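Each of the two complexes below includes chain A, the first together with chain B, the second together with chain C.
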Partner chain A sequence: MSTTTADSFAAPGPGTPESTRPVKAATLAGAWRTFLVRRVVGLIVNLALLVLVTFLIVQLIPGDPATAIAGESASLGQVELVRTQLGLDQPLPVQLWTYVSGVVQGDFGDSYRYRQPAMDIVMTAVPYTLTITIAAVVLLLVLGIALGMAIGVATRGDRRRWLDLSFSVVTGIISSIPTYVLATGFVVVFAVLWRVLPPAYSPAYNIGAAAILPIASLSIGGICSVARIVRRETAVILEQDYMRTARGWRLPTLTLYVKHMLPNLLTTALTLSGIILTALLGSALITEAVFAWPGLGGVIVQAIAVDKDYPVIRAAVFVIGLISLVMTLIIDIILGIIDPRTLGGKRD
Partner chain B sequence: MIAGVALAAAVGLALSACSTGAPEAASGTTDTINAELWYAPATFDPAKASASSDVTVARLGFDTLLRQGETEGYVGGLATDWSSTSASDYTFTIRNDATCSDGTAITPTVVANSFSYLVGLDDSGAQTWKNQAFGSGTPTFTPDDAAGTLSISLSAPYSQLFGGLTRPGSGIICPAGIADPEGLAAGTVAGAWSGPYTLTKSEAGKSVQYALRDDYKVWPDWKNVEGTPAKTINLTVQADSNTSANLLESGGVDLARFYDANAQRFEGDGYSTVTFASSAYNLVFNQAPGAGSVFEGNKDLRAAVAQAIDREGFNSAGLDGLGVEQNTVSAASYRCALDDSSLVQKYDPAAAAKVLNGKTIRLLMMSNWDPAGDFLAESLRAAGATVTVSAPDPADWTKQMRTQPETWDMAIAAENAESGLIHTSIARYLGPTYAQGGTNVASSDNPEGMADYEAGMNATDPDEQCANFEAAQKTILERVDMTPLITDTHRYVARKGFASYVFSGYWDISAMRIVS
Partner chain C sequence: MTESNPAAAVRVAEAPADRARTFAWNPGLVIGLVILVVVALTAIIAPLVFGAQATGVGSDPGQSASAAHPLGTDTLGRDMLARTLVATQSTVLMALFATALSSVVGIALGIGVWLAPRRLRELGLRLIEFAVSYPTMLVAIIVAAILGQGVVQVVVAVAVANIAGFARLTANLAAKISASEYVTTARLMGVPVHRLALRHVLPNMAEPILILIAGAFSGALVEISGLSFIGLGAQSPAFDWGTLLNDGLSRIAVNPIVIVGPAVALTFTSLAALMVGDGLAAAANPRSNSTRARLVRAEGEPALVAIEGDDVVLIADGITVTHGSTGRPLVSDVSFTIRRGEVLGIVGESGSGKSLTASVVARLLGEGLEASARRLELGGTDLIGRVSGRTLASKIGLVYQDPGTALNPALVLGSQLSDVLTIRLGFPRRGALGLLARAFEAVKLSDPEGRLRQHPHQLSGGMKQRAMIASAMSTKPDLLIADEPTTALDVTVQREVLSLLKRMNEQSGTAVLFISHDLGVVRALCDRVLVMKDGRIVERIDDVATLSEDTVEHPYTKQLLAATPVVAVPREARS
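And now, the complex of A and B:
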């Protein structure tokens, strides 16, 4: 720690001549550099913590992996044989060192159950999870913004109060329903009663058709949430001077709302979408169980509840964390492009 | 992929509101069977199979010497004839028309090499199969290709060898598989298969696909199996019973396994159902010397607990009433299983209360058996006992029951009831404990029963085997070392146009058929 004295540093003030040293003005490029360095370092630190914490947390999962893998009819000798083969007889620090040194090389170890690289098992499932999650995010952004804008414009200045009230009540109720409840309800209505959609994933069905209900389950709550926020933002933006001026100029509707209003809404919507995507990854794991969707959910549940498959759990949690961190970074970069003020730091 | 699915889903979602009729199901796929597994197979090496899904798919890819008879006994698999001169000496005649998937003839030497591979593996799953097939001793295999026979001699008598050689883990692995163990486990060795199907696709943790071999002609001589085997079998992982029922109803799968009331959605309407024993639910009394169990040396207390429990109530609470009352250590479908209810304590809560009042009992069970455990605990509390319930994770439950007898007095145990080998169930209640290298989870000291058990293991004549094994079961029941509760009966339901079969209590996946 260092200290400065009044003698060594004089703050400029009225009547005080400014320093002759030129002011180093922060440029946009500099802000970007600082932002990216900060975020990349943060990403690395977060990943390191993720690796370490995941290793420690899986030790707390109840149940002995060797017993789970050896099976119910195994003798104690067989269980110990499995324990030795899996390296679970080693002290924890040795296991940690083996794990970390493997992860640095991209090796999360072999699955206890499947006896093949844990990351391979996870990466087999990831595309399925990303498919429904990203599709849901795209849907909820597009439909949520469109719906929120439409309602916001329609109810501008306290017009159509019944519509505003109905919108708030309906979207409030829908967005408060847990995803797995919605999913179950969709199965009952669309698959069991009406029989218009597959109830779950099966090779007998087209994968696109089988994805409809999972995506709908994941997106509808988010659509309502985004729509409610966008509707509020729309109301605020519509009252701003520049919008009033634009309306006074009788600009075409499309220009008015798409060119002048939408960019301002996107900042909020995109920020929200990053948070929603992370939450959706969690919801997707549960939704997958309802629809037998062959994504990460089933892999993680089996790895935790049945097999105590530590390498698969670690790899899955790492991948989910990585997806979340990278998506957040991408969204922050997009936000930085749209609105450089979000990059942080001071610029003259 | 993501864009495509998203687009298809979005369009489909929009259209679904105005579409009518059933979703696009498996119509027209008359050469394909879509079915499910609860968990994905972890290995395709039958000798290393340990999880239920490994065992299930092993039956598709690897033939065994013997198969379960349709109603009793055995039928030939790769063997056409089998005999024994003692509980240690067996001879098999190997059929001369069986081939591996690469065309290699399956000779007695091929069979012997496969068994030697199994016996030599340093693997937990393999040790289980080895013990089930050849007992605890060391087997010696003597093939005679000219005569077409294989002789097996055992260092320790083991009368259950025929039954053990029906088990999928003893499936014959062809030379190409033995030459490449890693490829065998991954299912990638094209010539490894001796059974009717070969693996064509596997997504780890998700699904597997099998294709029928064009050159496979050695189906067992089943008399009542109708229909044609599927050219393609898709098995996807799906563990939820409600989802299975919905998929079966909509045609997403052609067969599904049920353990609960969802099975009752398929009574009639062209659905066919077969049933088989999945698990045997028993109450085990801990009698480990010095472990502090209230049941050690207290037969009256053990009997009182058995009297306090209404088994039908347990069935309703834990198994939706779909199980059947069990009268011995395992399911009634097991060969040599006693089926005499007079040996089981009758439900008599009044008599039970006289003994149980004021006693404290520590009940151990698995974490997902809450309704059944609650029923048992409340039954004992109603009889005046104080019951503390411990419900750890399944792996911890297993470990605790086997290695920590000081932590529990009685335990609900659900033993796999699909092996058909009664001696493994008997050995859970007599003989050496786990700490002693055995499987006696009750730590009971039953020399009389042990003598009967060993006599059964040494007998050559099947009737004599059964007489001895039944006598051993009788001693266990009379001593109340355990009390049988319910056999968890599972159902395989096939939709119209498909069928599956249970042979002597064993559901055989290779006998799934398309019947129209």
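And now, the complex of A and C:
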């Protein structure tokens, strides 16, 4: 993440004391305007790319897509039916046009299996995936930052080396367990051995209770990763000149850490949470399989592995991509509020 | 594309780009490498030894742990331990191929983008950014949707998903390194481009890329197994850890022991790869160890005599600072006093101990240092031992070298500068802000109220330093410690800040301890000057007005004088 210098905000330069007309201090309104324009343009470009990618999913299938989708045992008539349904008999530009004009209205075609609009099937699953992903992100940010900051402060300047060592070992091991392995382990311990939580989603169980294990398995690895980073970042920030300045003002410990350190930590943590969030979305697709969670993961895997239901695959890929784009934008806006320096910079 | 394993993603994200000169082996790296060697040996040997056992149908299906089958048997009676060990080969090979494919293509793409003409490069970077912002798992699933299910398809899917990560790192590193000073220098000296790439750019990329490869291998392992786990990867009769885990999941309520083998194998192999990555990163940037700072009272005869008097603000007697772990002396027996309204300068080269001396007086000694003094009193308060934060905050004002880093970038000025007033000196918030606004006005900052609502990055360096001085003076301190306050500023701004300090000193009568490496600046501002070298005071100049090479004794001072042009600070020049 790059930071901007004073000049990009049109702040009055040095040497203003003698000027006769009153100089007004610049506000952030201009920076926000440029930021929003840039991000909205970026969002539109990314959406266009997303539409193109989902369009190409069918076109890039090796060999004859219609034969591949209809299956090896399909009759010639069935293959031709698939071909006309997907418009594969049309020239490519026409296909693209038909596809794009459908997508603009939210129409990805009808699911082969369920005979209803693919978008409806996907939208039914979206709330389930969003529930566990957002809960996991909030948990891992809050707990990860709190844990990392506490350990960072407790081990500053090489205090408590045992704590530092055990923290790195434990979080290192936990954060490298794949989420679906962790999820399977949780099922064994909490559902099979102790029988305190339901092993999988089912309308028979309370949805809250059924969501605990998926959320826990999605967030625990992330909490450890975030805590490790925040711990290291804490050590870096404690060495910064502005923390020395704050110590020079002899501020009490709580003010020092909560007011002067935390905002700087949040910048790093939120920047990373963009990466973590998209990673989580990916993990969620697989973890849902462990708990038979009726989210996007199940929908897309079923559509690929069993049904070859390409309208559903396209709609699901589009929606997942859209979710990660919107989430990234939201995180950037929050970042801008917390730390306006990020407004001018390009996220990377 | 982002790793499906957040840990790997994050580790890759923080892979350091700066190469350190030393390589320090560490336990994590060694343990990780040892585990990987064990995994590699298992991958080679296990199929030869346990191959029949792993695939042949056994007589006792669905068994729990027993002496014959420590990890139980599956529904066809095959030993799970043997199956897990044999699956090592297919799993590791798939991950290796995927990593190799993605790193080769990704690095080639990254270099290609970097070498491309500007327009193409911008476009390429945009596309890479777009690809990176997608979940790896989603990209892998898209590729699987196009290519179908199977071992080869999964390897290609995961490889494609990871290409963007390599391409981005390579392009970023190449851009960063080619902009670095040593490459610019080499280019100016006429070194041809291909030699530049071979001798300077590639070697400096090796380490971060190696770290990324370790992370990507771990990621590929987890992703490929994940795809197999949800049924998109290896199809029966082929099997890897992911399919084994999936088989186990369906029997989890009946025979949970069967998931142990693949779960443990996956976790440990991925952990080992991450440990190697972390170990490489740590080996490149070894962390220094230090202990906390402390200040103790030293015994002994005072070196200062005849220091009593009403107007003495600071008495420092026998300040000594040593490095905590090595015991190396950094400041030896430095003594001085400052009177009310006086500006005392300490001048010396880098490492002469002048800033350390100031930090002892300010009670802000850095970690890992030990200090002692026979006597340290400020305005009648003993500074050795426990002093309340309130006392220190009200008696000492501090101005630092670099105003760019001394202010908290995340907080507006009013918020951070008023803390000391509200929390330590008991001002109400509104009163503190009003006081600050007047202080800003006194240092000639335009639109004081507006400035208080700004973040530090919206001000120029000189303005930030004036704000710092205003803040330091807002507590009406007995002593203002200015540690190289003009070094980070450009020359015209330096003059402003110096005359401002002088004016503050004259108007309020606050004593100033002024640290600088520049004798020219010091002689223009200070009433008396101490010259420090190697942690000792080598010269005390009491009469700055008549200072010349003839009035000083120590050869070092003579050298300094000979090397400094005279700078005159016009008093009240700007008011």
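Here is the rule we go by: the second predicted complex is superposed on the first by the 267 of 348 C-alpha atoms of A that agree within 3 Å, B and C clash if a C-alpha of one lies under 4 Å from a C-alpha of the other, contacts with A are read in each partner's own complex, and residues count from 1 in each chain.
Basically, a residue touches a chain if its C-beta (ideal position, glycine included) is under 8 Å from a C-beta of that chain, and two chains touch if they have at least 3 such contacts.
What you see is a predicted model, and the numbers here were worked out from it, not measured in a lab.
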Chain B versus chain C as contact partner of A:Ala289, first or second or both or neither: both
Partner chain in contact with A:Asp120 - chain B first, chain C second, else both or neither: first
More chain A residues in contact [chain B versus chain C]: C
First (chain B), second (chain C), both or neither touched by A:Ala68: both
First (chain B), second (chain C), both or neither touched by A:Tyr99: neither
First, second, both or neither for A:Pro199, with chain B first and chain C second: both
Chain B versus chain C as contact partner of A:Leu76, first or second or both or neither: first
Which of chain B and chain C A:Phe35 touches, first, second, both or neither: neither
First (chain B), second (chain C), both or neither touched by A:Val187: both
Intersection of the chain A residues that touch chain B with those that touch chain C: 62, 68, 187, 191-192, 199, 289-290
Contacting residues of chain B [partner chain A, same complex]: 1-2, 4-10, 12-13, 16, 19-26, 29, 34, 39-40, 42-43, 50-51, 122-125, 127-128, 185-186, 203-207, 209, 234, 236-240, 243, 246-247, 249-253, 392-396, 398-399, 402-403, 415-416, 424, 434-435, 437-439
Chain C residues within the chain A interface of the complex: 2-11, 13-14, 28, 129-130, 133-138, 141-142, 144-149, 168, 172, 218, 222, 225-226, 229-232, 245, 248-249, 252-253, 256, 259, 263, 266-267, 270-271, 274-275, 278, 289-293, 362, 364, 367-368, 389-390, 392-393, 396, 398, 400, 402, 405-411, 415-416, 419-420, 423-424, 444-447, 450-451, 453-455, 457-463, 468, 492-493, 496, 574
Touching residues (chain side chain A, partner chain C) in the complex: 3-6, 9, 11-19, 22-28, 46, 49, 53, 57, 60-62, 68, 156-159, 172-173, 175-181, 184-185, 187-188, 191-193, 199, 221-222, 224-226, 228-229, 232, 240-242, 244-252, 255, 259-260, 263-264, 266-267, 272, 275-276, 278-283, 285-286, 289-290, 297, 300-301, 303-305, 310, 313, 317, 320-321, 324-325, 328, 338-341, 348
Partner chain B, residues of chain A touching it in the complex: 62-65, 67-79, 81-82, 111, 113-116, 120-121, 124-125, 127, 130-132, 134-135, 138-139, 187, 190-192, 195-209, 211-212, 215-216, 289-292, 294, 298-299, 302, 306, 308
